[in-house]
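Multiple structures are listed underneath, in structure tokens.
Two complexes come next, and they have one chain in common, chain A, joined by chain B in the first and chain C in the second.
Then we have the complex of A and B:
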């Protein structure tokens, strides 16, 4: 591997982890859409700061964009508070308005400056290592974006570690948090500021659209895998890193956009986990349903046998060949149920008759008592 | 309570009177307050008496639509008080206003003579069960430990001591076997007990509970009532938003009848009268659905 390859992967990992950590709280607060809004609405902030500084890597850019991000949240909440506009519609109104201001500013004033719409929207990770940090007489201290994202990651980590208890309480039960004196609004805007800063930092790497995949993808994947918040945070970071590295190599092999590949891997890995995860996965659910179906059919069978046991009509009711007629079941299905019940030793075969075992009788009695 | 499972609609008056619901209590658990109340209904004459909760002239409005009009309420220490009233009467809003969660348009709330902000530590709150997301990735013990957060203050993390307190609270509500369960795996009654345990951990002096009996089975309801009465026996003040008029006389010793404005408040014997009920529920009372019909 060349140095630049390692650098690109490092930037991708750091960006993914930095996005995944606040993403956990956005997902739990059902605010993933807000990150989408912020990621678009920061554009005018970036553009205006760019006009002022004429540089794409100035810290002012991040601050201005973060400010616009928080402003987006404020606008959305003000609209919501009027009760005339619902939350989703408020988001849908606010961010295109701000985003379009950014687009107009670029097309009107930045036609001949280097502020590429594609770079803003899609990012270009492949070029990130070209922009080296130069300081203290050294001209190559590593890529600038690695430092920027590294600092944002540290900021996110510190915020979440220090205010873990408060974030958890505010996210789970905001009214108790308020009653106990933990200002939910302060925590809320703190988190929104973090999301804004992270988003603007990440737009360099993956662009302002795909950053949503980094914020939402790993947490929803982790949410399927655990039921502890701390583990969800760690798993999100891990999944984010796996997405980043696998996405990079997919892009390398197929010679396609790195950001696009990372977002695609995010979805693929989510889909995989969604299918196979124990208990909550689609496959586990399907198997549970199938098992319940057979269990229920078996219960119907033993109750049928139990009800007619020892009565004059028992012989007719429990004849194996006649079962499907009495129960109005498909003969094939009846055979399978009989086999299932025989395997579970709920019934046994006595010549042409199906008779209950002690175990089967208990099942029937228990079910009927319930 | 089991809304939707019963189709029986009981005319309330008949039920109440034939069942002798309004029998006067013979016990004298709280002679002072009953004395104080029967002597006068006039504000100010009880000034020497310390109040656990004192609400004066409280008006709460959402936008410009009033939800509570000029509420006065004195809750003496050591009572178990039910706030009852029809849907939309402002019961939850009153509790939230006492906790400073909604800003009043007018009026004032004092907890033991001080504003709520100064008394957070001595007030325990049980929100409505439906107010949180039970799919949140956390365990029973973790939720109960949240009751300690107020005492811990900002940043400090709960440790072994807090977990022990949480365990003790879980034992009190009979949920010690569920500590590591994910909270979505609990039944409604179990969730309610977890919320109660979380409030018990606060070791408060005044408890405010928003419909703790909502969606719980008869066994859990009895367990919760026993717990509330133990709290009162320990000298705590417990205010409960309650829905079921049938059980007011059995469970509570004080009652507040609320419908946007205060209709009445005081010891159950005196305030829970048919006249006051008719005034609170208006015509709707005749169609009141009883929850007990299917228990």
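Then we have the complex of A and C:
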């Protein structure tokens, strides 16, 4: 591996983890699309700051853009507070309007400055290592974006560690948090500021639309795997890193966009987890449904046998050949259910008849009592 | 020659305004349902999810015929929506998170395909920013005709299923209990949305198309409590935003049409929120003060 390859992967991992951590709280608080709104709405902030500084990596640009992000949150909340607009519509109104202002600014003044629209919206991780940090007389201290994202990651980590208890309470019971005297609004805006700063930092590497994949993807995947907040945070960071590295190698193999591949891997890994995860996965759901079908049929069978047990008509009612008529089932299905019940030792075969075992009788009694 | 230039300019303006007006009508009317169902951002998801469809349609056919690309976009947007619906149904993941993950990853996959196409050296394919921002100014008469016909069909289907869709929007549980096929209706409504969005991609682009669904509907909602009137008003507001945005952007150079249309629609929303009777902010303030005065009069009388 060349140095630049390692550097790109490092940047990708750091960016992915930095995005995934605040993303966990967005996903849990049903505010995931706020990241989409912020990532679009920071465009005018970026454009205006770019006109002033003429550089895409100046700290002022990050501050201005993050400020626009927080402003978006304020606009959305003001709209919601009028009670005339629902939360989703408020988001859907605010960010296209701000984004439009950004686009108009760019096209009005595109001739005067060099601001590549594609670079802002789509990012290009492959070029990130080219921009080296120069300081203290050294001209190569590693890529600038690695430092920027590293600092943002540390900021996110510190915020989450310091305010873990508060974040947890505000996320799961905002009214209790308010009643206990924690300020949900302060925590809320703190989190939103973090999301804005992270989004701005990441747009350089992956562009504004794919930031959403980094913020939403890993936490949503982790949400399928655990019920504990702490575990969800760690899993999200891990999944984010896996998405980033695997995405990089897919992009390398097929010579395609790195950010795009990371997003694609995010979907594939989500799909894989969704398929195989115990309890909540598709396979687990399908198996549970199948098992419930047979369990139910078996219960019907033992209740039927139990009802006629020891009565004169028992012989006719429990004849294996006639069961399907008494239960109004399809003969093939009846055979399968009998085999299932035999396997579970709920019934046993006595010549042409089916009789209950002690276990089967208990099941029937229990079900009928319920 | 001078006169001919002006004539051409005028002709283009009329074509683009007509297209924008039709688009605003269709997306305003259909957007009303999305807004009322609190699915305002579904449009954003569908329009982004359409990108891989466009790329695949191009890779498979090698053609840039708008109709083929539109078909690809529609299929991808539709598949994305079905995926969203089934993830919501089968897991505990919330609707907004599902939208976010489908929108961004589909778009990312589209980006991968796009770089693949670029690498094959087909230089004259349309840039991604066309997909994102649209190019209303390049609209042709045939495009306007396509929007008119397909959008008209979508609106007619909406009118045919008026009663069913109304029930779906306002009381899904009741609709299910009296035997309406909820999931089919849901898919029908979403498919209509997909049609409206795909038609708008060329004109205003993916990012701004979502605003064309939300803004007219939110504005219309402020003026009325009746679905019929709301859909009608939303269609009118959409058309108004389309025409005024086109005209404003034509008055000066280098003002892109799509974003201007969106800002016009946003202005209509702002006006409606402030001035609409009964619900609007001004009205609310007046009522508030009148109540306070009445209360004061009553307390002083006692």
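Quick notes
In the analysis below, the second predicted complex is superposed on the first by the 368 of 370 C-alpha atoms of A that agree within 3 Å, B and C clash if a C-alpha of one lies under 4 Å from a C-alpha of the other, contacts with A are read in each partner's own complex, and residues count from 1 in each chain.
FYI, a residue touches a chain if its C-beta (ideal position, glycine included) is under 8 Å from a C-beta of that chain, and two chains touch if they have at least 3 such contacts.
Source: prediction; values computed, not measured.
Steric overlap between chain B and chain C is absent once the structures are superposed on chain A; the two fit side by side.
Looking at the shared chain after the overlay, A:226 reaches chain B, while chain C stays out of its contact range.
Comparing chain C and chain B on the residues of chain A they touch gives the larger count to C.
By the touch criterion stated above, A:31 is placed in contact with chain C alone, chain B being left untouched. By the touch criterion defined above, A:198 lies against neither chain B nor chain C after alignment on the C-alpha atoms of chain A. Contacts of A:92 after superposition: chain C is touched, whereas chain B is not reached. In the superposed model, A:176 lies in contact with chain B only, and not with chain C.
With chain A used as the common frame, chain B approaches chain C to a shortest CA-CA distance of 5 Å. Comparing the two complexes, residues 223 of chain A contact chain B in one case and chain C in the other.
Across the interface of their complex, chain C is touched by residues 27, 30-33, 35-36, 40, 79, 82, 84-89, 91-93, 96-97, 99-101, 103-104, 107-108, 110, 117-118, 121-122, 209-213, 215-217, 219-220, 223-224, 251, 254-257, 259-264, 266-267, 270, 274, 280, 282, 285 of chain A.
Residues of chain C that touch chain A in their complex: 35, 38-41, 43-44, 48, 87, 90-94, 96-116, 119, 127-129, 132-133, 207-208, 210-211, 213-215, 217-218, 221-222, 254-256, 258-260, 262-263, 266, 269, 273, 279-281. Within the complex, the chain A residues that touch chain B are 28, 83, 162-166, 168-169, 171-173, 175-176, 178-182, 223, 226-229, 231-232.
Contact residues of chain B toward chain A in the complex are 63, 96, 99-101, 117, 120, 123, 125, 127, 131-133, 136-139, 143, 146, 149-150, 152, 154-158, 182, 184, 198.
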